[in-house]
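Next come two complexes, and both contain chain A; in the first it sits with chain B, in the second with chain C.
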Partner chain A sequence: MKRNATPPVLKQVVHIIDDDEAVLDSLSMLLDSVGIKNAIYSNAQTFLDTHQGESIRALAGCIVLDVRMPGMSGMECQQQLEQLKCSLPVIFITGHGDVPMAVEAMKKGAIEFIQKPFREQELLDCIQHALELNKAEHERASRLLDIDKRRKSLTKREKEVMQRVIAGQANKVIACDLNLSQRTIEIHRSNVMDKMQVNSLAELVTLALIK
Partner chain B sequence: MPSKNAINSNQPVVYIVDHHKSVLLALSALLAPLNVSIKCFTSAELFLNHKMNNEAACLILEAHLQEKRESGIELLETLVRQGFHIPTIVLASSSDIPTAVRAMRASAIDFIEKPYIEHLLVQKVAEILHQSAPTQMN
Partner chain C sequence: MTFPIKKNLQANHTQEITDANAQLKALLNAAVDAIIIIDHLGCIELFNAAAQKMFGYPSSEVVGNNIRMLMPEPYRREHDKYLSNYMETKNAKIIGTGREVKACKKNGEIFPIELSVGEVLESSHKQFVGIIRDISEQVKARSDAIANRERLAHVTRLSTMGEMAAGIAHEINQPLSAISSYAQACKNMLERSSNVPDTIAQQQKLSITLEKISSQARRAGEVIRRLRGFVKKRTAEREYVDLNVLIKDSIELAKVDTRLLDHGISLSLTASPAPLLLIDEIQIQQVLFNLIRNAIDAMEDQPTDQVNISSKWIDAQYIEVSVTDTGYGVSKENLVHLFHPFFTTKETGMGMGLPICQSIIQSHGGELRHRAGIDKGSVFSFTLPAKSIVKNKLG
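Our next item is the complex of A and B:
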């Protein structure tokens, strides 16, 4: 894979895992032709080894996974990914699937289970959908991280004031509760608004409710 | 439609939608020992017109109602679109992978091909009711 680009742009890669080289080549060419970055692996273990440890959780994109492969099967790989808390959406492709297998894969969170032979457009649509899901998930995660950072920048006193402000208490009441002057509360309150990067009480409450 | 009215409003309800009356009867008899109220419907329309309460519930749905392909799954998708989430087991008189995948994407809890294995289905329904209302089931 290439060197790190600017962090804000999500670098999504479609990881294709299949023991059939012809499938890998044709899918890779298909994705290249529409400008979607992709990486190919001839078995599941290679994929897991390539992205060991923390890095697997940081990946963006999706996985196209063959069900039946020598060594680790697609289903076993899906289980491993779950244990590693990898959030990449999984699309299964299979030449020999049956209904119970498809149901099992979907229960475990696969977003699609496609039978070979499939139309190229069908797979491309699924991949696009998977990439959108993944993008939304990354945005959600980074927003949470950002809010958490803001929360952590508050002092203990500011947190106390924020809790009371959110609960709808007036400055006067908070001042009395914390045994501080009303002026001091006003300053804390204004710091809270600055650090949480909000302009109104409504915004502050909304942020406080996000978990 | 034949339906046994709930005596106790807290009694969990199993809704069954299938156009074959024989299936409705067989399933009702199979699930009777669970001590649930069973309500049967022969079409998607009848089910959609039924007013539901807040009880613990489970829906058992035939994938192809009135022999119309995937019409049962369309019903499930309608429910989801309307923001109505009821734990659903889809039973399929005929099935293939795309139908199963569509049902699971429409948030079915399980997709089971007919003929179903009786004790496994009962177990599944009991599990669902237990999870959707742990306080009401003992």
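Our next item is the complex of A and C:
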């Protein structure tokens, strides 16, 4: 039976957005020094413009975002990213502790809110964590896509049979319900197991539960 | 028949002179101002009661002496020159107009006076009359007012900076954070390069990064220097300042209001000729800072609209600086109170910002005015006397 091939290596980039030239430059150099790929943007709009449309959803990596910037603020950028369904984890950095703002950002899904000046290791750990989250997310997404593809390969009849199998009905009951022979149900059932690339009923149920 | 009449006339004439003398004496003694008459060499001929009281000399000690004795240096040294100059050219700066000079009492105390001088015409010899008013009180009141304004301005600068604590932290944290990241990057580079044979490129990179570190340290120092200058206790003093430099400095300072980082500032400054102003730099910075903060306050609902600062010559002697916002503007009923002390529309406002700005600008010989913006918002403009910079003179 064919199992999925190893996925292509994920090219993750840390996107740093900060209006302060020195902060931007020093962060980029810090990430370079530990071999983390990064891209820098002096404002949020430039980031959004560079990755317009579909491509923003295809990005892998994470975003390090300054809270206070002229033009589009970090918080506004986070909102835009949400609307664009960009799944990159966001790490906020701020030059001054603003608790309500931090709470708001975390509620909206930021993974960390770091105050300047920070310990570099703290930021690097956060970035590593974010990259792992992003990687897991990408794997989950590609697995979902894969499962969806398998589901779509089923015929209408096979789907009906699968629903009933998952619900725990015996072949006999299904045959009776669908007004088919038990033998036919067995063939459909075998096709479902094949197309869904599973060996056991338990595996099939697990796949069916993944959303 | 004619003789008695003549005699009578003569008697009348004598009586008239006697009367005139008596009246003059009464006038001189009744006068609140000191009145002194001198001859063309400066020798004192008359010293009225008020003069005796003001200077502390009895008449007997001064009459016959030179007027110089009532003057401190440098007037004492210069006075003979003034007199001889006038005798030659008939051109005196002082005659007919009052002016402020210094005088010296018997006990050595020097005090400010207002002096007006007239020439006695049609007398037997050259005489000048001087009328002197002691203006110690006015001068003191004036310098008290200047000191008070600076004290008040200082207190408001302090309280502004108190409100700005978070912003100050931000302004200093930016370079500190960059320094820290650069330093860590250097450390990582060194650790990784220990087994790389060719390190010349690496060394160059390290050297550049170290330079960046020191430049960021200077940047942090600059923020602190600006803040210290702004809040330190000081006496008002005037110096020639390039307006464009002052505006840029003020904006850097105003960044401690972190909202400015959201708004940003657009500048349209007169480039040439660059205006040079004789001003108290800190006070004018305070005015600009205040106007910028007001603009940001007014644009609460437009958090990304820019504040515009512009400058232009309105004639050869005056420059106008305007701070423009697109905020909610000033209502008609509030307009009349705009510059009144303790009038405020802000919950936490003291109502002292604009009155202090107004008083600072007026003390510099300018005016602070408000007008409505083109579509919405406000324009606060102030004028100041200025001259254009002549580059080679400034060096």
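Throughout what follows, the second predicted complex is superposed on the first by the 203 of 211 C-alpha atoms of A that agree within 3 Å, B and C clash if a C-alpha of one lies under 4 Å from a C-alpha of the other, contacts with A are read in each partner's own complex, and residues count from 1 in each chain.
Following the convention adopted for this analysis, a residue touches a chain if its C-beta (ideal position, glycine included) is under 8 Å from a C-beta of that chain, and two chains touch if they have at least 3 such contacts.
Just so we're clear, the structure is a prediction, and the values are computed from it rather than from any experiment.
**Q** Should A:V99 be classified as contacting the first partner (chain B), the second (chain C), both, or neither?
**A** The answer is first: A:V99 touches chain B but not chain C.
**Q** For A:G168, select first, second, both or neither according to whether it touches chain B, chain C, the two together, or no partner.
**A** Neither: A:G168 stays clear of chain B and chain C.
**Q** Between chain B and chain C, whom does A:F118 touch in the aligned arrangement: first, second, both, or neither?
**A** Touch status of A:F118: second partner only.
**Q** Looking at chain A, which partner touches more of its residues: chain C or chain B?
**A** Chain A has more residues touched by C than by the other partner.
**Q** Pick one for A:K107: touches chain B only (first), chain C only (second), both, or neither.
**A** first
**Q** By the touch definition at the top of the document, which applies to A:G53: first (chain B), second (chain C), both, or neither?
**A** In the superposition, A:G53 touches no partner, neither chain B nor chain C.
**Q** Touching chain B and also chain C: which chain A residues?
**A** Correct list for chain A: 97-98, 115.
**Q** Which residues of chain B touch chain A in their complex?
**A** Against chain A, the touching part of chain B is residues 92, 95-98, 100-101, 104-105, 110-111, 113.
**Q** Taking the touch rule as given, give the residues of chain A at its contact with chain B in the complex, in rising order.
**A** 97-100, 102-103, 106-107, 111-113, 115
**Q** Can you name the residues of chain A that touch chain C in the complex?
**A** Those residues of chain A that touch chain C are 19-20, 22-23, 25-27, 29-30, 32-34, 68-73, 95-98, 115-118, 120.
**Q** For the complex, which residues does chain C have touching chain A?
**A** Touching chain A: residues 166-167, 169-171, 173-182, 184-186, 188-189, 192, 209, 212, 216, 219, 258, 261-264, 303-304, 306 of chain C.
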